[in-house]
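Reading through the structure tokens given below for one structure.
Each chain gets a letter, A, B, C, D, E and F, in the order it is written, and its residues are counted from 1.
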Amino acid sequence: MGIQALTSPVVLFFVLGLLAAFARSDLEIPEAIAKGMSLYLMAAIGLKGGIEVAESGLDGTVLAALAAGVGAGLLMPVYAYWLLKGLGRLSRINASAVAAHYGSISVVTFVTAVEIYTLQGNPPQGYMVAVMASMESPAILAGLLLARGLGSGDAQDRKALAQEVLLNPSVVLLLGAFAIGVIAGPQGFADVRPFFDGIFKGVLCLFLLDMGLIAARRIMDARAMTWRLVIIAILLPLVNGAIGTSLGVAIGLDTGSAAALGVLCASASYIAVPAAMRLALPEADPGIYLTMSLSITFPFNVLINIGLIGSLAAYLTGGGVAAP
Amino acid sequence: MGIQALTSPVVLFFVLGLLAAFARSDLEIPEAIAKGMSLYLMAAIGLKGGIEVAESGLDGTVLAALAAGVGAGLLMPVYAYWLLKGLGRLSRINASAVAAHYGSISVVTFVTAVEIYTLQGNPPQGYMVAVMASMESPAILAGLLLARGLGSGDAQDRKALAQEVLLNPSVVLLLGAFAIGVIAGPQGFADVRPFFDGIFKGVLCLFLLDMGLIAARRIMDARAMTWRLVIIAILLPLVNGAIGTSLGVAIGLDTGSAAALGVLCASASYIAVPAAMRLALPEADPGIYLTMSLSITFPFNVLINIGLIGSLAAYLTGGGVAAP
Amino acid sequence: MGIQALTSPVVLFFVLGLLAAFARSDLEIPEAIAKGMSLYLMAAIGLKGGIEVAESGLDGTVLAALAAGVGAGLLMPVYAYWLLKGLGRLSRINASAVAAHYGSISVVTFVTAVEIYTLQGNPPQGYMVAVMASMESPAILAGLLLARGLGSGDAQDRKALAQEVLLNPSVVLLLGAFAIGVIAGPQGFADVRPFFDGIFKGVLCLFLLDMGLIAARRIMDARAMTWRLVIIAILLPLVNGAIGTSLGVAIGLDTGSAAALGVLCASASYIAVPAAMRLALPEADPGIYLTMSLSITFPFNVLINIGLIGSLAAYLTGGGVAAP
Amino acid sequence: MIETVIRKRIEILADQAQARRVTDIIDKTGITGWTITPVTSGKGREGRWREERVMGTDKVFILTIASQENAAALAEKLAPILTSHGLLLTMWDVEVIRGERF
Amino acid sequence: MIETVIRKRIEILADQAQARRVTDIIDKTGITGWTITPVTSGKGREGRWREERVMGTDKVFILTIASQENAAALAEKLAPILTSHGLLLTMWDVEVIRGERF
Amino acid sequence: MIETVIRKRIEILADQAQARRVTDIIDKTGITGWTITPVTSGKGREGRWREERVMGTDKVFILTIASQENAAALAEKLAPILTSHGLLLTMWDVEVIRGERF
């Protein structure tokens, strides 16, 4: 992603968070503020995606992109599972839980990638937000099937789970705000633009500061991490990112959107999926799945992989490597 | 209120909140954030009202508007009380508590109305903020007199209550910010405009998302609601809104301000009055008064009644029905 | 500081907070919001300082300013200590704790001063933010030496304390954001300007509202305050402010920067130092040190002393008294 | 071994709005102090509630450590308003160090 | 003197995500209510954690006052999932006023 | 019926800034874990306080379940700093399931 991205305040605040936590500073963002910023970012990204779709309309590739996203969300956990059980030596339960995380997506990784690709002149399409939302849940389903097989759990547990999966807060807020954007359109957006667009990148800076703090603290406390798992947490985003990007190019997405699909595949969930696993697979160890997704894959994606994926997309769509 | 208002992001976020909660999604806004937004909205609306008054000066109708507001705040609880005891079959305590809510006002309903009327070309006058602030407390007094008669409670309780009523946080913040606006004037406001004006509507969106979530959840949990009470919770804002608007026109207010007075009369408190009732009438059932004001009257006003009142005001001031 | 400053919304919100609390209103800002605003203000001030340095480069006076700041931070506690033990009649522990507060700095006092001096046409240099950050900790060291002499505490306590002192959240965030500003430079800042600059003054208003509430409430609850301590809490900022300003002029700072150094010397910490004292001197009474720094010195500085220091700096640099 | 004495620990669940009334009664009973902790949600006969400080419907726990006599006196004073003010009171014996403080 | 009766106070530390499951079991046991309070951080065999509600890793305390039989029934029902669901359960006797409510 | 054993529950009210010191002492005593819960406000001999995390003046409750010997050892270690560090310590017997864990 070149020099420009690494000197972007967004990335620098993330690095500051990492450094502060590694140095054992007590710097801390109140949880209510972090949660508020997370909701704000989802509402804003959903809304902006919807506005763009209202402006530009949908081209034929949107359905292909949705299908590609959901398909990847269902299949990536399968090979991730075998890797985690084999190379990673995890138990069935833990391997399934981790696999679900890698099949799903991270909103903030996506948002950071959109900022960077837009800076590089390759803004992804607005409908990629809908693709993102549709990729949150399928992997949870895949993960639970891997863990328990068909027909597990009692009726009530299943209902609670279906709700958690289908109506999880991120999905509802992303899709809801997206729909509002489509309905309200550009002139409805004008009034709320200073809030949802003007201050967006600044809020993202503070949110990434917090993510850096949390990611670094978690890995310092981690007990269950092994080198095998660290390797997998870097291998999976590389492989998934390459597959997703190629898939995007194959179905005819533009450079930015193909790269965005790659980033969605490469990213690992650290909000929606952990919440679902806490509910449905309480035996799985959060010390494994959160540390892998949050403390290894997330920084790897933000600092390195977003750049690699962008270059791959530029190369595959014939645009050459994007200028830094 | 026409198509335009219903496609405004502000209203759409409220609807999203209602739908998400009815679908039993876990979407939730941290309470500290909700409280922070509520304080922000009050400070901003107060400040903006004060600035407008500093700019335009006060015309003679302001005193009449204040008197009309306070008078309505004292008298509306009286007929509301009889309706609630008779038709609603509530106990004396509960009827008094509910009546106090309907005599007082809802800041967010007012703010939403101001946004909508301004969109429609009928911005209410800045001093209506002062009218709003002056209408918060009289109804609490009226409600307590209805519940306990004169001379109730011991001296200490009365002191605590007088403080709660006169210095309740909303009144202090609204009037304080209003005064700051008047003193600082337009050029003092310039520096803080991006915060208090620029992002105002966006914050209102998120706040209404939360209101939608809370309103819908409360009605789903409600046990004490009856059809009689539901009818009253729609009847009162209709009647009070019509009376308030007519009163506004009668004392010579412009279309927007008359409609705003109507909205103030139509709206029911869900912050200041519940807090006072918790303190002074702990025997009253919040399951009744909060559900009526928050889950029925508030959505009814935001989605329907603000539009009706706007049309009535336009009709009465001879402007015809406002264009959508 | 003249009429203009006293009608600035920033100062008026502070006064509103004081009045509301003295009138015993329940107005209250959620703690998470207050903490979030405090972090935001530090990140923003650090970032803006760094941007300015990236733009203007550093002139030779910056090292002198840093040395002056650190030196003052180490020496001011010494005479403060004697004053507090003698005139103030405090115990050794309490005198040392209070002295540390007056040697350190208050970020919000500095920020308010920057706003006011900039309005008056004398903006301090960007590097004064780095001077501020470097003045947070030396006084803590000085205070602990006064309290315990050399060689106190066990090894583990010392390590925890060194961390608290060197890596305390304010220092890390101020210096980290400053470094980000220097690296990202003006064009990196453009995207985040609406958040870190546009809404800055508005957030400062709400933060000062909260400071007013807290300052007034604390003094009403104070038991350990004596007239002697009140006098010292006004005397120290006067003396330290005059010394700091003169020092600034002596080392060749411009009017605004010399005044800013004066304000840093005059201000007393109420975040970083109390936290360190809680850890390292738990026997010291927060009822004394917080009440003095927060409830007396802070309002005195914001309402009066910033103006006096600005006039002194203008006088000493030959600019005459600043226009109001 | 350190010496401990037995005191009563009283815990009162109350509406936030009633907290001041309860702590005033504790003060008047001559008990040396109290501590308030937050409550997130609950369910009782009147149904479920969640913390909604915006609407003023949240509750708190008020804890106080007292001698047996003071505890009995406090329970006595609070009993009449328990039902009307929706309070919940439990108490039990605890060991404390520095018993002279309570 | 006010009359008190002895009830069991049960306190369960659980993941936020498991809270609903626990309160459903309390409800089904026929206990009249429960109260949830927040938890900030902790340390156990699996290491230290802090509240991180953004990531859904936080815990809560679930308190309930019940008769001895109901308390025993609840403990019986929760015992099988204590380890798999990472719950921590303690209980002790407390005095309550208005004992007919529990 | 499920089998329970008796353990000691110790509750320490401490300044947030002192929490680390207390949990380090708990760890060194060989107790398996601890849990921290938030505190909103309080009143003692030194007057009233409210949570003001911005100013670092807030307090927390530190809870730990331990065997009788470990509990006694902990009380012994904390006793000397109770007054200077403003701690408040109470403890009582509770029943736990899976007693081997504590």
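In this text, contacts are C-beta pairs under 8 Å (C-beta built on N, C-alpha and C of every residue); 3 or more make two chains touch, one makes a residue touch a chain.
Predicted model only: the values in this text are computed from it and were never measured.
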Where chain A and chain F overlap in contact partners, by chain label: C, E
Fewest touching-chain hops separating chain B from chain E: 2
Copy pair chain A, chain B: interface residue numbering same or different (half cut): different
Distance between chain centroids, defined by C-alpha means - chain E, chain F (Å): 19
Distance from the mean Cα position of chain C to that of chain B, given in whole angstrom: 40
Where chain B touches two or more other chains, by residue: 30-33, 35, 194, 198-199
Of all residues in chain D, the ones touching two or more other chains: 37-38, 53, 92
Pairwise chain contacts under the document criterion: A-B, A-C, A-E, B-C, B-D, C-F, D-E, D-F, E-F
Chain F residues touching chain D - in the complex, by the definition given at the top: 13, 37-45, 59, 61, 72, 75-76, 79, 82-83, 88-92
Chain A residues within the chain B interface of the complex: 30-33, 35-36, 39-40, 43, 47, 163-164, 167-169, 172-173, 176-177, 179-180, 183-185, 188-189, 191-196, 198-199
Chain B residues within the chain A interface of the complex: 7-10, 12-13, 16, 19-20, 23-33, 194, 198-203, 205-206, 209
Partner chain B, residues of chain D touching it in the complex: 15-18, 20, 24, 46-48, 50-57, 84-86
Chain A residues within the chain E interface of the complex: 31, 34-35, 38, 156, 160, 214, 217, 221-223, 270-271, 274-275, 278-279, 282-283, 285-287, 290, 294
